[in-house]
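In what follows, subunit A forms one complex with subunit B and a second complex with subunit C.
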Partner chain A sequence: MIARMIARAGLRWMDRRLRAAALTREALAKVFPDHWSFMLGEIALYSFVTLVLTGVFLSLFFDPSTAETIYGGSYGPLRGSSVSAAYASAIELSFDIRGGLLFRQVHHWSALIFLAAIAIHACRIFFTGAFRTPREINWLVGVTLLLTSLANGFIGYSLLDDLLSGSGLRIGYSTFLSIPIVGTWVAYLVFGGEFPGDRVIPRFFSLHILLLPALIAGLIGAHMAILVRQKHSQFPGPGRNDHNVVGSKMWPTYAFRSLGLLSAVLAVSFGLGALVQVNPVWVWGPFSPSAGTTPAQPDWFLGWVEGLLRLFPAVEFRVLGYLVPSPFLPGVALPVLMVVALYAWPWLDRLVTGDRERHQVLDRVRDRPGRTAAGVWAVSLVVLLTFAASDDLVARGLSVPVQDYVVALRVVVLVVPVICGAVAYVLARALRGHPGSRLTTMEPRQIAGVLGLRRPEARRPPAPPGPRAERPAVPSEDAPDVVDSGSRHGG
Partner chain B sequence: MRRALAILGCTLAVAGASGAAAAPPTPAPETRGRALYGQSCATCHGQNGEGSPRGPNLENSGAAAADFQLSTGRMPLPHPGAASERRQPAFGPRDIDALTAYIASLGHGPAIPVVSRGDLQEGREIFVSTCAACHSGSLAGGTLSSGQAAPPLLASTPTQIAEAIRLGPGAMPSFPRGVISDAQVNAIATYVTSLRPQLDHGGAPLGGFGPVPEGAVAWVFGLGLLALFIRLIGKRAP
Partner chain C sequence: MKRPERGIAAAFGVTVLGAVMAAASYVAGADRLLLGLGFALGFAGLAAGFVLWAATLLPQGPYVEEREPMVSPPGEREALEAEYDRPAGRLPRRMLALALGTFGLAGVFPVRSLIVHGPSPSVALATTAWRDGVRLVDQDGRPVRAADVTPGTMVTAFPEGHLDTGDSAAVVLRVDPAKLRLPAGRERWTVDGVVAFSKLCTHAGCPVGQYVAPAQQLVCPCHQSVFDVLRGAEPMSGPAARSLPQLPLRLDGDGVLVAAGDFPEPVGAGYWRPM
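Presenting the complex of A and B:
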């Protein structure tokens, strides 16, 4: 009772100075639409939090230097060997510093989960048309976040100066070199000279712990500020339209849900870090330009580039007398093309659909069969390319010559995504006119109708989003039935 | 680990000594080996190791090759045309010694190398620069061209490692003394045996295959569990 009075007095004292009560009240009443897939981005957010927390711990012990040192820690096979200070400190973190290995592994696992969450979140945005007006800016911010995080993942993995990541760094260097005309300058600019050099580790360290995390944090801030400003999109349902937001309030519903998710992200990251080994750098050994280890793959999020490099035929040609080396097309040109297409998607989509309206209600995946087919084509292509990065492991597992397997994969990568896209198109068309049916409950005649195998029935018009849509979901008690986005408390 | 190696060395020495002591009353190992050879090897390698269209000449293979092939279970093949890979050995240690002695008596091949404890750090350096490119830094083995594979070294004994280095079985090049000295062979064998307990220092080692299984675990057990979690808490209140 007394404690409560003191707390009240304290808060009142604060509010007389900060005038934050009205703002806080508004923030706590903010409504978020309910759907589990809207929390995929939050997994990425909390993985970033985990990365910052564990990364701070690691930065206290990691020595980002290529200076030769004699390792003197407790890992026997390395004792007395001359290795880089970066590698030596990574081994010390893994063997001598209390909790060091746990934090190293949690950091690595949460990086892998962070990028997986971003990828799956981007898919959700894509397939539900959440990038449409007015959310194009947040799509651009999101794609930039994806690329920044990819870059920081690769750089962080390379910092340890071990044999496996050094091989990856060499591929990166060669890919820079392959850019016609400016390649050598670009590679020297990034590496401060010829590979491997002694500049790249300290440079990457500044990028990894300062510049890129600051950029990611800033972009996340912008991403969420825009989300708050524009209000979260929602799936079609009773009482939902392009001018309102229906869902749960920030306090108490969403706040606790989100806090639970933070705990779950920490639990899963620390669980994996404690139980499953990741990147055992003492096993790979220190980087040396003359050595190599097998199997050698990048972390999963760069598997698609590795797959492109492994599958693309080694062709070199000259344009206007300038050599275009073989890594250029798969290593630079195609990835850049894919990234440009990703950035441009909201406008490409608009070009096809001619849709310039402002949207608050999301598309269902079936509503736009063309977009769904394009997305399934792209996702299956990237998945297959990622899979192709492990061609040596799979060929060994299947006991087939790796060269033959690569030839087969070249065909698969070109053909299978087209088939997947076509199947997705047919399924989306078959479901589109039947808002109540699902993939699991659809009837053969729906597909037959799309394929023209039977006379189409009198086609029902696609159900407009609104009261007639099939989702019978009832808003939870604490949520307003309909919150007008124009009102002060809305969204 | 040092102690374990010492014990291993002693055990081998004792086994050798007891074999020699037990020799006089029973027939000489070569005689016994001759009989075993006739039962299990002669079909392909010929009655006296002269070879046949089904199997190579063994006259100058020597004890090292015989011991390597028999103790890793690569020979005898379960059926003609089977892949040469590590299996449960078909013979016990005494039979392998007898067969090895018989094949050694056929000609002038290399003897079984004697391995002792070597320099651990030197072993790590040579292994990483010479062996890891095919056998993997994690001893998991690796893929070679034309459908061949470098086998994992997870079960190899120090003697088998030394035999393989000197003989170069399968697709492996042989490394004579001028390239890798006896002391360096000892060092490599010492490193491989002391690395094994460190392979899962950080938890489940995922086969030592690196980022591919790591990525799979991150998706299935990382994001998969979290997606399940949000699916459950994201359900609307009744």
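Presenting the complex of A and C:
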């Protein structure tokens, strides 16, 4: 009762100064589509919240300095050894500060979840064509968010000055060095001199806790402002068209659901942080420029670059008599190409389909077999490359020489994604003519029809690109009997 | 009507339990597992409560919101274009462009402070701390004698007085001199079968930390490049494309290994340089 009175009084106070009642009402009535896949982006958002909360705690204890100190904390095996202040403070945070290890592990786990959520969210946007006009801007913002977050993830685990992340840093440095003409200057700009040097850790600390998080927060703000302005896209379904959004209102149902999601993300992050050890830097040991670790794998989100570096043949060449070293093609050229393709996708897609319409209703994955095939090809390629980042471990497990395993992987990485893409194409084509059927209930004759093995009696003409546009708009009053084809809470 | 309410309340009750558990574990110093599980339990209770609440007690829609077209009516756009005009003043406008251009350029200069401390990259990357007559020492600073390098072991050596440089580490190995097939001109770089190579992989600079003695191969742990010691650490497989640079060795009067000069080429990962 009292809380309600205070809230009312507060609202009135604000309204007398900002005239916010109408605006707030409008905001609270925003309709969110009821499909689980629209919550992937929210998982990323809430992981970011977790990262900021735990990160602020950690930043107050971490000492970003490479100054040599003698470790004297409570972790026995290291006591008395000479390590960097950064490494010593990470160990102290883990063993001598109450809750420190928990927050470190929650921070690391949320970073892994953050990037996974962004990646899966991006796949959803890709496969449903949500990047099409008018949402190209948010696609560009989203890809930038993905890249900034990748960079901040890498920088974050490189701060601790342990032996494992030191290997990663060195590979990163060498990859910068490999850029023709400007490589040495770029590497010096990022690392403040020849690797390892004293400047890289303070520099990365600034980037990790100030510059990049501010950039990410700003981009998230832009991403959501554009989303609110353009309103959500939605899956096709009865009563849904290009002129409306069907779903739950922001207040109260969607807000409660979303608070539930926030709590669930925090519960999972804390559960993992409590139960599953991650990045035990005291096991890796302090960084030393002449020591290496084996096996050494990066965090999952950079596995694909590591896989490229491992699988790409030893190709070095000369341009104008200057050396272009072997990490350049797999470590710089190919990733840049992939990023450019990702940024350009809305326009590439348009080039292929010739579709310049404005879309508010999403494609089903089956509606665009070509795009689906391209996406499946790319995703399976990235997954296989990530898998290749552990080639030494797998080869040892299988007791085969790693050289032979690498040769086999090269073939797999080139061939399997093409097969996956082709299968996806056939399945999408087979489903497209039968809007009611699902992957699990599909009949063999649908596939046979696509492959031309049967006369296409069962094959209806493929759905035209924009069938929903022709459907008459349903006025909001007429649509109380909307049936949701997707998953709905409660029901 | 009563049952969902009770379920939601129970879920929030779990959060109270989680809170008590977290606080108690913190106080008791059980701050790894139990503190985390307390928080996790608290958040899980909140999650279940909110989701149940949304699914049972709150309005279930579906609601329909109309979408206004994301394009301004042409009249509005024309009006904007008409009102949006360059501010008066041709000369000030041009001068402002020039001023901002030069000023922006001046702002780039401090970036150089981020790059250069000491010698420029092309000099720093091309040289290490090795010079003719510098003794080889191990990681504790003890001189490495030829007799310390036994067949099958790998000794990591540093230039005396430069234990902490990132680019000078060398691996020292003893092989059968009769089997050595070094490139021409390096006949005098070894001491009785003792050879030394840069420890930094020519692929991406990782320390080449594994020595497979029977095959006389050096293996890089990062991306599994393999180097053939007998052939001057030539790459055999993996992504490295250049041999590990060889350190010319000789003996000083006391049987201690000394360098006969710096590595003949830059060590570690390659970069844009004349070759």
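Just so we're on the same page, the second predicted complex is superposed on the first by the 448 of 491 C-alpha atoms of A that agree within 3 Å, B and C clash if a C-alpha of one lies under 4 Å from a C-alpha of the other, contacts with A are read in each partner's own complex, and residues count from 1 in each chain.
Here is the rule we go by: a contact is a pair of C-beta atoms (placed from the backbone, for glycine too) under 8 Å apart; a residue touches a chain by one contact, two chains touch by 3 or more.
Predicted, not measured: the structure shown is a model, and the values here were computed from it.
Once the two complexes are laid over each other on the shared chain, residue contacts for A:Gly292 go to subunit B and to subunit C alike. Of the two partner chains, subunit B is the only one touched by A:Trp36; subunit C is not. Of the two partner chains placed around the shared chain by superposition, subunit B and subunit C are both touched by A:Leu261. When the two complexes are overlaid on their common chain A, residue A:Gly436 makes contact with neither subunit B nor subunit C. Residue contacts after overlaying the shared chain place A:Gly221 against neither subunit B nor subunit C. Touch criterion not met for A:Pro444: it reaches neither subunit B nor subunit C.
Using the contact criterion defined above for the overlaid structures, shared-chain residue A:Val283 touches subunit B, although it does not reach subunit C. After overlaying the two complexes on the shared chain, residue contacts for A:Gly99 are found with subunit C alone; subunit B is out of touch.
Of the two partner chains placed by the overlay, neither subunit B nor subunit C lies in contact with A:Gly72.
Looking at the superposed arrangement, the partner reaching more residues of subunit A, out of subunit B and subunit C, is C.
Shared contact residues of subunit A with subunit B and subunit C: 34, 101, 105, 253, 257, 260-261, 264, 268, 274-275, 290-296, 392, 402-403, 474, 476. Within the complex formed with subunit A, the subunit C residues making contact are 26, 29, 31-37, 39-51, 53-56, 58-67, 70, 111, 114-118, 121-122, 124-125, 139, 156, 158, 164-167, 169, 199, 203-210, 220-226, 235, 237-242, 268-275. Put simply, subunit A touches subunit B in their complex at residues 34-40, 42-43, 75-81, 94-95, 101, 105, 108-109, 112-113, 116-117, 120, 163-164, 253, 257, 260-261, 264-265, 268-269, 272, 274-280, 282-286, 288, 290-301, 303, 386, 389-390, 392-393, 395-396, 399-404, 473-478. Chain contact summary for the complex, subunit A toward subunit C: residues 29-31, 34, 98-102, 105-106, 134, 167, 170-171, 173-175, 177-185, 187-189, 192-197, 199, 203, 229-231, 239, 242-249, 252-254, 256-257, 259-264, 266-268, 270-271, 273-275, 289-296, 309-310, 312-316, 318, 321-327, 330-331, 358, 360, 391-392, 402-403, 406, 474, 476, 479, 482, 484, 489-490. Against subunit A, in their complex, subunit B makes its touches with residues 1, 83, 120-121, 123-125, 128-129, 132-138, 140-143, 145-147, 149-150, 191, 194-195, 198-206, 208-212, 214-219, 221-223, 225-227, 229-237.
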